[in-house]
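Going by the order they are written in, the chains are A, B, C, D and E; count residues from 1 in each one.
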Amino acid sequence: METFMSLLQISIGAIFIQNFILSRFLGLCPFMGVSKKLSTATGMGIAVIFVMTVASMFTWAINHFILEAYNVLYLQTIVFILVIASLVQMVEMILHKYSPVLYESLGVYLPLITTNCAILGVAMINTGINPYSGSPFTFVESVVNGTMSGVGFLLALILMAGIREKIELADIPKPLEGLPIAFITAGLMAVAFLGFSGMQLR
Amino acid sequence: MAKKFTFSAGIHPPHGKKQTEAEPLIGFPTPQKVSIPMAMHIGAPAKAIVKKGDIVVAGQCIGEPSGFVSVPVFASISGEVTAITEVFHPMGQMVPAVEISSNGSEETVTLEPILNWREQSPSDLINRIRDCGVVGRGGASFPTHVKLSPPQDKKIDTLIINGAECEPYLTADHRVMLERTLEFVTGSLITQHILGVEKTYIAIEKNKPDAIAAVKKMLESIGDKKISVIALETKYPQGGEKQLIQAITKRQVPSGKLPMDAGCVVTNVGTAHSIYKAVAHGVPLYRRVVTVTGKSVHKPGNYIIPVGTSIREILEYAETDLSTIKKVLMGGPMMGLALASLDVPIVKSTSGLLVLETTTPAEQEYNCINCGACVQACAIHLIPSHFSKLVKRQKYEECEQKNILDCIECGSCSYVCPSKINLVHYIKLGKNRIAAAKRAQSLRKDGQ
Amino acid sequence: MINNIGTELKRGVLTENPIFVLALGLCPSLGVSTSVSNGLGMGLASTFVLIGSNIIISLLKKVIPEQVRIPAYIIVIASFVTIVQMVMQAYLPALYTSLGIFIPLIVVNCIILGRAEAFASKNNVINSAIDGLVMGLGFTVALVVLSTIREILGANKLLGLEFIPGFKPMTIFILAPGGFFTIAFVVGLINFFKMKKEQK
Amino acid sequence: MSLPIIILALAGLFFGIVLSIGAKVFHVHVDERIKQLEAVLPSANCGACGFAGCAAFADGLVRGTAKANGCLPGGAEVAHKVAQLLGVDADHLEEMVAAVHCKGGDNEATIRAKYDGIHDCHGAVLISNGSKECQYGCLGLSSCVAVCEFDAIHINANGIAEVDPEKCTGCTACVASCPRFLIDMMPKSQKIFLGCNTKDRGAKVKKYCSVGCTGCTLCVKAASHPDSIKMVNNLPVLSFTTGENFLTSAYKCPSDCFVDTVVARPKAHINVKCTGCGDCVPVCPVPNTITGIIGGRHTINKDTCIGCGLCLPVCEPSAIALWGSLGYTDRERRTTGRFEIT
Amino acid sequence: MTTERTLDLHISSSPHIRDSRSVPHIMRDVVLALIPAMIAGFIFFGIRSLMLIASAVIAAVVTEYVISEKLLKRSNAIGDWSAVITGILVAMNMPVAAPIWMAALGSAFAIAVAKWTFGGLGNNFINPALAGRAFLMASFPAQMTGTIFSQSGLFGKVPSPLCGMDAVVTSASATAWGGADALSGATPLAALPNLISSGANIQDTLLPLFWGNVGGCIGETSAIAILIGAIFLLGRRVIGFTIPVIYVATVFILALFFSGVEGASPLSSDAATVALFHILSGGLLFGAVFMATDMVTSPITIKGQAIFALGCGVLTFVIRKFGGYPEGVSYSILLMNLVTPLIDRYVSPRVYGTGKK
């Protein structure tokens, strides 16, 4: 029960309190780009969840069993980015070949994910300390953290896409069209998400 | 009578009928000249069968139908055919027309009256109705004979005679029900006989108590038990076919289908009257009752006017102050057409001429504030404000997914919109573009 | 291709500013622009990586096969990032801690990969180095602009010193929403002036 | 020290092998045009186009779901390259631009009633078929402007849509957008086209539009090639394949129906080789433009010469040449859209 | 031909008559409905409450004017009263002790950033007043949450944050109580856990909460004043029943089940008292009547509004129970504002003549 509560706390933290986009500023490029249409946003979000989960597994294992074991933590950046890039590309190729349907819905977003700092970010965060327990992330915790960060990304993305579809027609002042209004929208979303700050299960 | 006959949603616009509801039907003096359009109904236009210089008599056929969904056209005055030409239809387009100059004769011709209609077969009566050029009185002018001959597989069990006249300002049907009670009730009986239905309702809005009383009395005096009078709640668009069917039978016409798919036939009071005239007197449809009203009209009333009479002539006869008017509507204020010119003829479906002194939208347009007033007013339960936004963005497929084609264009949404957005116009545009896209698609398919 | 440093600098800082005009590298520009020192540190670190990777990639452009060029570029970039990481940890530990996760994330900063792909892989070493420099400086300038605004409004400080005595700082500007608002209005302002100029 | 090198080398080797095998095993054929498009795009994979990266955008372009100017970082330059790549079509080797066949604006055409409705030509057609008496003319409500991705079409001060041939890429998006079918494509090298679309007869046209084509056929007679202009439904139809420049036709048109996109043209000039034969005088469509006595060197009035070039082929000693260059219409002329010979 | 010239005919789509109700009418009704709450604020918090409201309204209207008329040159905005509402709502959502300039800043932010960057009324996706409040909350947490009552109301008495229950005043300065003009303490909701754990009689607090003689933001304390406004708005059909009723009911039911009273069943009177306390305090009624019902930022269909209100209720209670803020009303509405476009997209009424949606 306690593990469950701690995982729940990690999830709430990853989705709402420390939302990757609205609080941590990670993964902004795809967030700004892909949030124009709800359908693309959903596809991208799901792809991110998938990649984040897989990347969390691999990077945690590599970090724990190779980098820490051989005491070469300074290679973290290089190795992680290599792992993630290869992983994403492999997944993309496999999907393209064997599951055109899935590739249509998910695979097309994968190139965007390779250079997405959110993925490397979650891998990095998983090597640190779990703020809720005060000890390093366990394997399960890091996978949950990865998945739930992805869920938080998806949540922000679909909310943003819904709003952008609505304001697409709005009579936005010319200088603010495009990127600035997207930032203001994200800023106001971040304001609303402040409501979750300090949330704790008790 | 605790039961209320009505539908959900709808609006209550000011009915504006005071000016003409007490004005009895009066004949309009024969005009010097009429231009009779050959296309006054949905479907293929009629073909002119007279030529320049022919002498014609009121009631004489001058245009032959060209197809099943088409009706003949008749001379509305006696005189000489002065031109086979083109005129602006009230809808704005140029249509072929026959121009007749009066020779002062009040002579008319009729077909043989069918007095023993109860013994006639429905198909004979339908042919007679077709031969007399009877069309529906709604804006669409659907040929009545087509409506009365549903396909074999459609079971029709209910006939509704629509006397709701929910459109503000118009009183033509009201006066017909009061003054031609026997004729239109007989017309209803003929229609009932043709369709062979058990249940017939004459539906009248509660704001016409005298008409309700008159019709009830008439039914009692002729001892008919099959027809019942329904007093409808006064609400717009109560007279819409779909709303009427829902109010009376609690059924709904399936999306994209016709009333007959709900087992109903709905015809107008005026149509029933025309059916009576066509069958019992053999008189074709070449004159009709038109409510002429509006503040600038000094002699408002319900006139019986020959089809093809110029609107300018009618307004001048009704002593209209043309200098103050901003708009002339054919029909009522909710669904009527604004005319671009006064030199257009009235047609079979012209139920009224309304003159307005203000333009609409007179006020400025605000941004949509998402208030939902249009949603609550929509009798079809659509979200009109979405359509205006989607049409602006040219997202017509999405409009179609959201059932834009089910809109009956009753105008309730535009009426209530506090932001004064021209919602109906956007919807009309959206429907038009979807239809155009479909046409283009089928053309492409045919080409391949 | 490269004419003189002045026009190149103008290109990097103004006309093709990576953040404000090209909208690349948004994450670090918002993540670390809470104080000027952070912004400056991040900007310079990125500039270093940019110059270094541009030089190496330009040198290796004929050696690297077309199919694996992106992974190869990433490795080069990641190596330089690791160097920055080590140097910073050793000499600027405070900055290292406050920049935190964003240092390794320089790897995935689209500016760097973008310049490698678009410029260094097609040009000679010197030009690539200059391109890295001007783009890095453009990035740094943008970061400094953002972080100055945010530090003043959000903490009433500039480089850690009190800015206007008695001014009540609006904490929101060093929180996430303030970052979004600041960049939005800076870009909006730039667009506004651009439009005015175009009208003339 | 060797450990990190080994780890890195192994990792690199491992992933390199896996990826290169993967690339072979999982190879999927991609449309050639997509590759070409991808080469034009900046490959930043920024997603600003709303698609998932440049490859997806290129795919969208080929399928028609993406717009040519969708790439924000690429700007106008990339948009043009993309449009060209997409527009390359065996049938249209010649560069085409759009032309609006109406010039009867607020000053020329009669209005039946004022239109109070949404700003859209299709919308106006639904309401009594528009406010103009003319059933064929431009409604000026920007439906074509809205679909142009290149800012190449505008409603001028006279209320008529007008194409900027320099910005027009020939994408044909506007052609289908006009409810009155007033827009079609013509070669960019051609500068004159007919600015009217009415099929009505002359007397009627005169009632509602001062620049309406009355179907007088003077332009047909003026054309130097017999096939250049044909009358169809009371309306001259111009054929751009004969090499005709239509300058004479435009000059002869009594209703001023033609639109010329050029403000300054080369004018004819007679040099000293002139023998004074006088052959050029009768072919000149403009009276009193070529003057001179037989045997003496003739002169051309530069103010009235329309630059049609008809005098060039008849001059035996080749003494006539066109001097000057084409100049495009300035703003002022564009707003009136009138073709004037002064 | 000559008569044709004098004729001024217009053509447009049907319908050709319009209802007289327009956007300015609706907005003016909302302002009228806010008057009782403003009067209550004046009675309980003194003249300073009106000064805050005035400053916020002036700032809002000036900002709106400058942006719409001067910067964007759009002339149709200023007459619609919506800026006045935003100004009033921002001020009503502040504690009376907040600096006057803060009200002006908050409403200027609300108008400039939350509303006009999107093109003005109808285009914003988030309630401007609440965005302004959240902006102030994040910027100046001390002034916005610490309820320091520096002014006494018309009765010459400082409203007690804890409804006269001195025994559980945690941080009130002793000298402040009874006559002096400064009292610091928590809002009623923040004190609720203490009240429950101390076993105090919460029932006695309900009446002051109903009248409004308690601590809190200017507009939110007096339930009766808000209800008068609500009845007016419902009568004028400016708002519907759906949002306020479902919102309040959701919080009430959740509070019944998770009252926090040791061993109390959801149907016990203790739980009911706590649930009532939840409804009457923390600006719930104010938010439910005046802010969740904002037409622009709430769903358009009745069904959508029900979902929206339910979400607001759940989020409010979750934030009150687990979050870092005691009230939770404004953030829950803001968060549901983000969801509104999605609700509008997927929730629609069943169209006439179609089967199941």
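Keep in mind that, in the parts below, a residue touches a chain if its C-beta (ideal position, glycine included) is under 8 Å from a C-beta of that chain, and two chains touch if they have at least 3 such contacts.
Nothing here was measured: the structure is a model prediction, and the numbers come from that model.
Within the chain touch network, how many edges lie on the shortest path between subunit B and subunit D?
1
Where centres are the averaged C-alpha coordinates, which chain has the largest centre distance to subunit B?
Relative to subunit B, the chain with the farthest C-alpha centre is C.
Top contact pair of chains, counted by C-beta pairs?
Greatest number of C-beta pairs in contact occurs for B-E.
Distance between subunit A and subunit C based on Cα centroids, please, to the nearest Å.
Going by mean C-alpha positions, subunit A sits 22 Å from subunit C.
Counting only Cα atoms for the centres, state how far subunit D is from subunit E in Å.
Taking the mean C-alpha position of each chain, the two centres sit 57 Å apart.
Could you grab the centroid distance between subunit B and subunit E? Build each centroid from C-alpha atoms only and quote it in angstrom.
Result: the chain centres lie 50 Å from each other.
Would you give the residues of subunit D that are in contact with at least 2 other chains, written as numbers and ranges?
12, 15, 19, 23, 45-46, 48, 72, 112-114, 116-118, 123, 126-128, 131
Out of subunit E, which residues touch more than one other chain, so two or more?
In subunit E, 8-13, 113, 117, 119-120, 122-123, 135, 138, 344 touch at least two other chains.
Mind pulling the residue numbers of subunit A that touch at least two other chains?
Within subunit A, the residues that touch at least two other chains are 29, 32, 74-75, 78, 82, 85-86, 115, 171, 176, 180-181, 184, 187-188, 191, 193-194.
Give the list of subunit E residues in touch with subunit D in this complex.
Touching subunit D from subunit E are residues 8-13.
What part of subunit A is in contact with subunit D in the complex they form?
Residues 29-30, 32-34, 36-37, 40, 43-44, 66, 70, 72, 74-75, 78-79, 82-83, 85-86, 89-90, 93-94, 96-97, 108-109, 111-112, 115, 178 of subunit A touch subunit D in their complex.
Along subunit B, where are the residues that touch subunit E in the complex?
So the residues of subunit B touching subunit E come out as 11, 13-14, 168, 242, 246, 252-257, 322-323, 325-329, 331, 333-342, 354, 356, 359-372, 375-376, 379-383, 385-386, 402-403, 406, 409, 411-412, 414-420, 422, 424-425, 428.
Which bits of subunit A are touching subunit E when the two form their complex?
38, 158-159, 162-163, 165-167, 170-173, 176, 180-181, 184-185, 187-189, 191-202
Quick one: which bits of subunit D touch subunit B in the complex? Just the residue numbers, please.
Within the complex, subunit D contacts subunit B at residues 112-114, 116-118, 120, 122-123, 126-131, 135, 146.
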